[in-house]
Every structure is written in structure tokens, then in C-alpha cells.
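Down below are the structures I want you to see.
First subunit A sits with subunit B, and in the next complex the same chain sits with subunit C.
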Partner chain A sequence: MLVAALLSGLVLGGTYALVAMGLTLQYGIARIMNLAYGEMIISAAFLAYVMFSTLGLNPVAGLLIAVPAGFALGYVIYGAMMTPLVARARDKASLEIDSILATFGLLFVFQGVMLVTFGANFTSYSYLNDPVTIFGTTLAANRVLALILAVVFGGGLYLLLTRTLWGTALRAVAVNPGAAPLVGIDVNRAARLAFALGSGLAAAGGVVISMYQTFTATSGVVFTMKALIVVIMGGVGNLIGALSAGLILGLVETFVATYVDPGLTLAATYAIFLSVLLWRPAGLFGRLMR
Partner chain B sequence: MSRALLSVFVFALVVAVLAYVPFIAGSYGITLGIGMLGYVTLATAWALFSGPTRYVSLATVAFFGIGAYTVAVFSENMAYPLLLAVAGAIGLAVALVVGLATLRLAGVYFVIFTFGLAELIRQLVTWYEVNVTGTLGRYIFLPVTPEGIYWQLLALATTAFLISWGIGRSRIGLALKVIGDDEVVASHCGIDIARVKLALFAVSAVLITLVGAIQAPRWTYVEPTIAFNPTVSFLTLIMALLGGANRLTGPLLGAVPLFMLFEWLSANFPNHYSIILGLVFIAIVFVLPRGVLAFVEENWRRWRKSGVKNLPAVAE
Partner chain C sequence: MKNLERRRVLRAMALAGTVAATGLLAGMTGAAMAQDRTSVKIGYAISKTGGNAGGAGITTLPNYKLWVKDVNDAGGLELPDGKKLPIEVIEYDDRSSAEEVVRAVERLATQDKVDFILVPWGTGFNLAVAPLFDRHGYPQLAVSAVTDKAPDFVKRWKKSFWMLGGGHDYANALASILADAKKAGTVNGKVAMISVADGFGIDLVTAARPAFKKAGIEVVYDKTYPGATSDFSPMINEAKSSGADAFVAFSYPPETFALTQQAQVAGFSPKILYLGVGTGFPVYGKNNGENATGIMSLGGIDPNNKMNAEYRKRHEAVTGVAPDYWGSVITYASLQMLQEAIKRKGLDKAAVSAELASGAFQTVLGETKFENNQLRQLWWTGQWQNGQFVGVMPADRNGASKVILPRGDWKKK
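Moving on to the complex of A and B:
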């Protein structure tokens, strides 16, 4: 039972880490606090569901469509909605407020569209639902695949950001958006790319989630919330922080669900958030953000 | 002085006229009035804290729901005034916990915390009801007439309005304005930032809780998904922003037209209203970031200025 909880905690945590990395890109680099992030995740989950049930396309192939679509959506949203807000923002705080408000409106638009199209029912599909035995416990194959995909995406993103010139430019903007132009970095372009990249990761997360979880048109809020908590726990803009905080959150949730009560997982999430706020507001690995 | 007297007189007259409405309006009119007064109070209470400090609270429905659900739980074994007091006390306690945890930090932590708060409380209440009491959903049978609810809400709206007016003229109001403009300056002026913010947040939260508690008997049947409906947070936010969260009458001016719009939309487009409201909201954020009142004032000033400038040209 312990090994089983540990393994499914890792699966869940891997997914959280994947999703949170996208959000930390959007908030850490593009400086957009995106409250519609969870709705982007759920949209991708519905996209994977539609592709699987009508076209018979398996979700891994679906990623090849969903991730570029998410990237394009993020690129368009940043261009259309965020650019004017960035242009009129006097400082970081006012951009934060404006982006919170604008994306809060966006949340209801996304949610409304999904409710009209798919209704409010729980949705899921059965893909690779075969038992696999690892360390003496059985796990559904789709969960193992979800963990592998999270590792591949997370590792790929980490290498992209640390090993390429392009990634270094993005990290430079995260560290100091004021000084980045001095070394020839176009901050607006970097922010737009980071936002689009974050949306692409949200789409990847959505497809992965749809493989092993049920979801509804209104469950985006919870994913946004969890991703935000992971981002804060890991320190804003910190990829490795997001990765480890995501795993911790997934493990804690699974243990609470297994040993205490499945109805209290969100309470456990909030308890973690509260203790992080009280003792390490800058995140487990971060410096104090002001 | 005479102008101040006039506004006091107008205010008293408006309240008196509104108090007379139930005698002439039909039951639909009273229902509409209850909804509108509820949202006017919510928007005013929201703007009380979030307007000057610019800390966007997304937890309106968390407190609203706490109020409504408390009444539902205790309605059978408590006197009505005591019921309201208990609801207010629970709202206050939650507000203090949230405020103490987040208001010492940068504003974005507060926003994030309030963003998920309603969902957290909804799940906790659901868990408690399913596992401990074994009943999900409760009936409220209270001897309160629609007229009674209307008058209570009118009294609450008046109170919220007077508190908002009083704070605007007090030391704490001035402190809030400084905090909203620049927190560093505020702390250097000797303002205890965390305490001022906490006090204001608590007042605002108690008012919101009471709106929920007073409106609860209208529903007769309450379950967590009804009491903690996120649309309430969303509508309150749009209303306050449309009118202008920094003005005394701003939330009022935003609440009335948007409530009518919402009523019309939910009657005619029950499935699409959240999309339309979302678009309206985005438009408000882009076109009127500081509200209708500020927008009108600025343009009025510009128009008058250009009028004055043009005068000599005409004379020449």
C-alpha cells in the first residue's frame, strides 16, 4: 500500500510539476499572472478526449496537435490581450493587477465555451488502462506513461532553458527585465515566447491529465490553484523548484487521499500553501520576491 | 456646508424612497430589489477593501457562502438575530485567518489565496456534511418575509455605504490611500500597514457574510454548490470595477446596470451568460480600467479645458 501510494503520488506530482513549469514560465518571465491557466489545461484535456473518441487518435499522437495548438493560442492571447496591458503598465504591480483581472475574465469565457460545448458532466476515456506491475504493485499503464511524459517534457524544457542561447535569454529576462535589453534581448518578444511556451506546457499537461483522470468543464480552477501553489513553493521562475514542489504536492495529496480521506486533498494542498506562506514566503528554494 | 447638507438630505430621501418600494412593487419587484440591494452591498463592501489597497479579492463568494450556509445549518435551533451574529462571527474568523496569513506579504499572495478559498471551503463543507452529518443539502424554514429581507438588505446597504463614507474621511482612510499608492512610503510614514489592511479586510468580509446570511432564506434549499457559486465573486468584481472601485458611489453605479444586464442575460441566454459576462469584463478592464466615474470626469475636464481654450480663438 505504501509503495502504491508512493508511485501514484509520483505520477500525480509529475503532472503537477509539468503544469506548474508552464505557469512559472508565464509568471516568472512574461510577468503575467494567468488565472485562466487551468482552463487552458482543461481545454487541452477536452481536445484530447475529442480526438480520441471521434478520430481514434491516441493521446500521445494527440500531443503533437495539442501542444502546438496551445503554443499558438498563448501566442495569440499574449499578442491580443497582454501587449496593450504591458504597454500601459506603469510598474510591475499594476501589470500584475491588470493581468489578474483580464485573465479572470478570460477564465469565465473559456469555462462558458466549454460548458456550452461539452456540458457539466464528468468526462474521461479509457486509454492504455492495462495493469503494469512495478515493485510488486500494479499500476495502470496510462499512469506510467503520464509520469514518463512529464519527465520527458520537464527534462526537455530544462535542457532548452539551460543549454541554448534562446533559453539563456529567457532566463535573463526572468532575473532582470530591466537589464536584459542592455545585452540585446528583446524583452517583449521573450515575454511573448515564454507565455506561448507556458500555454504549450498547459496543453501538454491537459492531455496527460486526460489520460488517467476524469475532468469537468469547471475543474480548471483547482488546477490553476495547485499550479500557483507549486510555483510559489518552488519560487517564482524557478524550474527545478517547480519540479520538486510539484512532486511534493503530488505525494502529500496521494498520502492524504490514501490514509486520511480523499475529500480532504484540497485542504491538504491549502495547508501546505498556508505553511509555506507563514514560514518560507519566498518559496522553499527562492529568495524573497518583492 | 450647504452642499454637504444637500447630499445628506438626498441620501436620506433615496433610502426613504427605497424603503417604501415594497408597498407598491409586486413580488417580482421585491425579488429584483433584493438581488440588486444584495449586489450593491457586495460591490460596496468589496470596494471598501480592494478599491484603495488595490488588493484584488476573489473570495467574495467564500464569505457570502459562509453566511448563507451558517444560516442553513443553525436555522432550526437559534433565534434569527443570533443567527446573523454567529454568521458574522464565523466570517470574521475566516477573514482574520486569511488576512493574517497573506496580508503581510506582497499582494499577489493574497489574490492567489482568495482565488481558491471558495473552492476550499465548499469542499470542506461538503466533506463535513457527507462524513459527519450525513446530509448534503439543507432546508431553511425561517419566518422571514421577502419584504423583511428587502428591508434588512437596505439597512445593510446603507450601513456599508456609511462605513465606506466614514472611512474615506478618517485617518484610516488616508492611511489606506497611501498604502494603495506606495506601500514603502506608507510604512515610512509610520502606518502599520498589515494592521490597517487586516482591519479593512475584516470589515469588508463581515459585510459580505451578512449579505449571504440575510439572503439565505430566499433559497429555502441550500447545498454547497448553490451557496458557493463563483459567479457571485465574478459579478461583484465587475460591478465594482465598472463603476470605479475608488469612488464612494462607484460600486453602486456599476451594480445597478450590470445586475439588470445579468438578469436579462440569465433569462434569455441561460447557457451563454458567463461567456458574455467574461467578454464584458475584459472590455471593462481594457477600456475603463478605473471605472466609468473616473472616465467621465476626465473627459468632462478635458472637454471643458478645450472649450476654454477655444474661446479666445473665437473672440479673435
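Moving on to the complex of A and C:
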């Protein structure tokens, strides 16, 4: 039972982590609090659904299309919508407020387009819904895939950010966007890249989620909320933080559901969220900025 | 003094004359307007966005569109004098918010002054607008509302009609299936039960607990979960090890779909599997194919009812989506009842309400009639058999299919 709960929890947490990592890049580096993040996830889910049901393309291959498409979309959105906001923002706080308002509008644009195209129906298909036995515990293959992808993307991007010059530049922008230009970093370009990367990750999350979760054109906000909790808990802008916070949330939910009561999972989520913030106000891996 | 009095009298007379003239004029324009009436205004507020959009988009809205198209294609709504008027629709999106639905209905009644108002989707929303329908005198044909309080509501709101039964009806039907299966030795009489901690789940589980107890069914696992739960593996594992061979979930659509998938992954194949809202959605049968067979839920249809079969075909052809196997056909039937009542009594709301309450109507369900303002000819339990979700309870109703138990193991793909 313990092993089963542990593994189910990790696998559930993998989904949370995968969904949250894009947001942490967008918020942490590009400083855009993207409220339309969940809608980007759902768009990718619909894309995967269409590719699967009409073209017969399996969603894992679909990732190869969806992720670059998400990246491109993010790149365009940042260029068209965010650059003017960044240009006129006096400081970090005013950019945050402006971006929240702008992406709140974007949320409805995305939602409206999806409603018109796909209607309000529940959409689902099943792919890789096969049992996989790991240490005597039966898990769903698609959820294991989500965990693997979360670890691969999280680990890969972490290495990129910490080991390459390009990644160091991105981190420099995250830490101090005012001083980064002094060492020759194009802040705007870095932010734009980070935003696009975040959108690409959102697309990856959407494709994976579409394999096992029922979604509607209007269910994006659920993902934004969950991702936001994970991001704040892990420390804004920190990929490893998002990964570990996601896994912790998954574990807590599963353990509470198994050993206490399934009715308390939501309460447990917020309890752990609060206690982490009380203990470390900037999140698990975050550093307080002055 | 005298002068003054005369003046006052004159003034009063003049005033009276003006009033009378205006009144007459108004009366005449009123009559003229009725003669020139070119359409019947029908309004509704429905969840096109937000959390309820999924349910409303399957059960309610396509039927409204289909009905309006059907009526207008046939020349319009027929009135008692044989004249036909096309329907003019006024539609609002309530954005799945109870405040918004109340505001929209108020607006339909007072500003748009529509002739009839169709109901919103959901038990809570129908209750929220019931006082408004009542105050403005509109008949309320509440379809997507499951409530045990209907007998009380019809006393409070005389023009309200409740068309989908109450939690007790569904729970008692399920309990009697379980009891029969236990008596026949098909199952061991132990049930694992989960329910969503929200309106529908609470209603049903509150009704099911005493119903199961009375039927001698032992509930060995009984938990609630918060809405939007996506991972059910802990609950499925517990249910699997609880020794129960019947599993009941009073769930909402996303959870119903998730439970079906995750039960297959976990190899959890109880002899009786009963899931909540969503089981009767066409997409459920499509996605699960063979594996849906034997799964039970609320609702159902009579597979041999020709009119219903034809309705299902037309629904899919016109709206592009297939109807569900529970509330869809009832929604369409409620509109046909309204149409027929208007044909008999005209656009007088009170007369139409009275006709709805007492008359008998030919609808896609066959002859349909309210008992104490409630529709009772319903399927309390349905089961997937041969690719259709057929009604199995009440077993003595015309057109009922036989329950097939136990359901087989999951088929490997």
C-alpha cells in the first residue's frame, strides 16, 4: 500500500510539475504573469485531440508538432502584446499589473476561439491507457509518461540554464533585469525566449494531459490555478523548485486520499502550500529579492 | 368660490377626457400590435461559458436550437386560430454564474418582454430562477434539475414543472437492482461507494445510504471527494481491497471518464459498476466501445421507441452532436409540450401553464403527462447494452430492457 501510494503520488505530481514549469519560466524570467497559461494548455490538448482523431497521429509524435507550435505562438504573443507593455513599464510591479490585465483579456480570446471551434462539450480520447507494473504497483502508462517528460524537460532545461552561457544570460535577466544590459545581455530578447519556452512547455503539458484527462474549452483556469500554486510554492522562476513542488503536491494528495480521506485532498493541498510559504516565504527554492 | 369650483370641475373633466382618450388610443395600438405581431419571442439564459458549459452544451442548448429550427422550418409556432408565427430567439450567456442567470431572466421578463422563457441548465440554476418565473407568470419546465423537493416546489411555485425526478428515485432503483443481484447470488452484497462533494453527489449519496441499508446492502467503503479530482487510483485501490464486488460512483462527467479509464488500468472489474453523470453521453460509448457494456448509470432510453430513435438521428444531423441518453430527449419533449400547449391556448401564459399541468401531449417520448406538475415516466437506471444505453428500471415499465449482470471483465485492446 505504501509503495502504491508513493508511486501514484509521484506520477500525479509529475503532471503538476509538467504543467507548472512553463509558468515558472514565464513568470520568473519574462516577468509576465500569464493568466492565459491554462488556455494555452487546453489549446494544445485540443490540437492533440484533433491530430489523434482526424489524422490518427499518436500524441507522442504530436509533441513534435505541438511544442514548436507553442514556442512559436509564445514568441509571437510576446512580440505583439508584451513588448509594448515592457517598453512602457516603469518598474517590475507595473509590468506585473499590466501583464495580468493583458493576459486576462487574452484568456477570453483563447477561450472564445476554442468555444467557437470545438463547442463546450467534454472532450476526451484515450491513448496509452495501459497498465504498467512498477515495483508491483499498477500505474497508467500515460501518467508515467507525464512524469518522465516532466523530469526530462525539467532536468534538461535546468542543465541548459545552469551550464550554458545562454542559460546564464536568462538567469541574469531573472535575477536583475536592470543590470543585465550592463554586461551586454539583450533583456528583451532573453525575456521573449523565456516566454516562448514557457509556451512550448505549456503545449507539452497540454498534449500529455489530453491523453488521460477530460477537458472542455473552459477548463483552462483549473490548470492555471494549480500551476500557480506549484510555481509560488517552488519559488518563482525556479525549474527544480517547480518540479519538486509538483511532486510534493502529488504525494500529499495521494497520501491524504489513501490514509486519511479523499475529501480532504484539496484542503491538504492548501495546507501544505501555506506551511511552505510560512516556512520559506519565497518558496522552496526561491531567494528573497530586495 | 363658486367660480373656483366650476374651474376645478372643468379641469377634472378635461383631464378625464384626456385620460380616456389616451387609454382608448393605447388600447387600439395594443390591439393593432397583436394583429401585426410577426413573431413569438422566446428567451433563455444558458451557460455557454464556464463550468456548466459542458453539461448545458450537451443536454440543453442543442435541443433548444433543434426545436427552434424544427418549428421555424414548419412555418412557426401554431396558435389556436391556426395562424403560424416564427420564433424569435433572445439568448443570454449566464457564464455559469447563479447571479448572472437571475439577472438575465429578470431582463428577459421585464425588458425584452419575451412571451416564454426556457429554463437554464442545472438543479441550482433552476431553483435560483424559479421565484422569478413565478413572479412574472412564466411556466417553468425544469428539465436538468434532479430534486427530491419537487412536490414542495410545485406548491410554492404553481407554474413550475419538474421533469427529471429526485435522488431517491434513482437511489431506490439502484438499491433494488443490488438487492435482486444479491438474492440471485450474482454479487456478495457489499458495495464500495464514492461521491463528489457537490450538489448532485451529495443528493444522491444521501438518498443511497438509507436505500442500501433498507435493501440489506452493506456499504464497505463510502468516501466523498472534491470536484475536479483527476486521480482516482487511491480510491480505486481501496475499493479493490475492500472485498466489495459492486462499485458505485455518484460522479460528474470528467470524473466519470477518469474513473472508467483508471479502473481499466488498475484491472478493477467489479461485477456491478455504476457511474454518475457522463455515462449516458454519446462520447462515453464511443470512447469505451465494448468496454462500456454492462456499466450502469442514471437515465436510459427505450431502444424500440421509433420516435425517439428518429429524434436521435435528427438531433445528430442538425446540431452535429449526438444527444445524451438521459436529459436530452426529455428537454426536447418539454419543448414539444410547450409548443402543443401554445397551439391549444395561445400566448396567454396562465392558460398555457394550466394546459401543461392538466393536458396530455404527444412527444418523442410517446404520450406525456404531468402528475402533480412532475414528469414521472422516467428511466431511473440504465445500462449499456449492444452499443446503446437502455433503460432497465423501472423494470415493469413498457420498453424496459432486462438488467444483464454480472458485467464482464475489461476487454484488452
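Everything below uses one rule, namely that the second predicted complex is superposed on the first by the 256 of 290 C-alpha atoms of A that agree within 3 Å, B and C clash if a C-alpha of one lies under 4 Å from a C-alpha of the other, contacts with A are read in each partner's own complex, and residues count from 1 in each chain.
The definition used in the following text is that a contact is a pair of C-beta atoms (placed from the backbone, for glycine too) under 8 Å apart; a residue touches a chain by one contact, two chains touch by 3 or more.
Given the structure is predicted, the values throughout are model-derived calculations rather than measurements.
Student: First (subunit B), second (subunit C), both or neither: which does A:Ala93 touch?
Tutor: first
Student: Let me test your reading of the model: by the given contact rule, A:Leu160 touches which partner, first (subunit B), second (subunit C), both or neither?
Tutor: neither
Student: With the two complexes superposed on chain A, say which partner A:Ala120 touches: subunit B (first), subunit C (second), both, or neither.
Tutor: Only subunit C is touched by A:Ala120; subunit B is not.
Student: If you stack the two complexes on chain A, which partner ends up touching A:Gly263: first (subunit B), second (subunit C), both, or neither?
Tutor: both
Student: Which holds for A:Gln111: it touches subunit B only (first), subunit C only (second), both, or neither?
Tutor: both
Student: Identify the partner contact of A:Ile134: answer first if only subunit B is touched, second if only subunit C is, both if each is, neither if none is.
Tutor: A:Ile134 sits against neither subunit B nor subunit C.
Student: Is A:Val222 in contact with subunit B, with subunit C, with both, or with neither (first, second, both, neither)?
Tutor: So A:Val222 meets both subunit B and subunit C here.
Student: Across the two complexes, what residues of subunit A are contacted by subunit B and by subunit C?
Tutor: 111, 115, 222, 261, 263, 266
Student: Contact residues on subunit A for subunit C in the complex?
Tutor: On the subunit A side, the touching residues are 1, 4-5, 8, 12, 15, 111, 115, 119-126, 129-131, 138-141, 143, 212-219, 222, 250, 253-254, 257-258, 261-263, 265-266.
Student: Please output the residues of subunit C touching subunit A within their complex, sorted ascending.
Tutor: 47-51, 53-54, 56-58, 61, 194, 197, 223-226, 228-231, 233-235, 237-238, 253-254, 257-258, 261-262, 264-267, 278, 281, 283, 287, 321, 413
Student: Which of the residues in subunit B come into contact with subunit A in the complex?
Tutor: 54, 56, 58, 101-102, 105-109, 111-113, 115-116, 119-120, 123-124, 126-127, 130-131, 230, 234, 237, 241, 271-279, 281-282, 285-286, 289
Student: Taking the complex as given, what residues does subunit A use to touch subunit B?
Tutor: Where subunit A meets subunit B, its residues are 33, 35, 81, 84-85, 88, 93, 96-98, 100-102, 104-113, 115-116, 221-222, 224-225, 228-229, 232, 261, 263-264, 266-267, 270, 273-274, 277-278, 281, 289-290.
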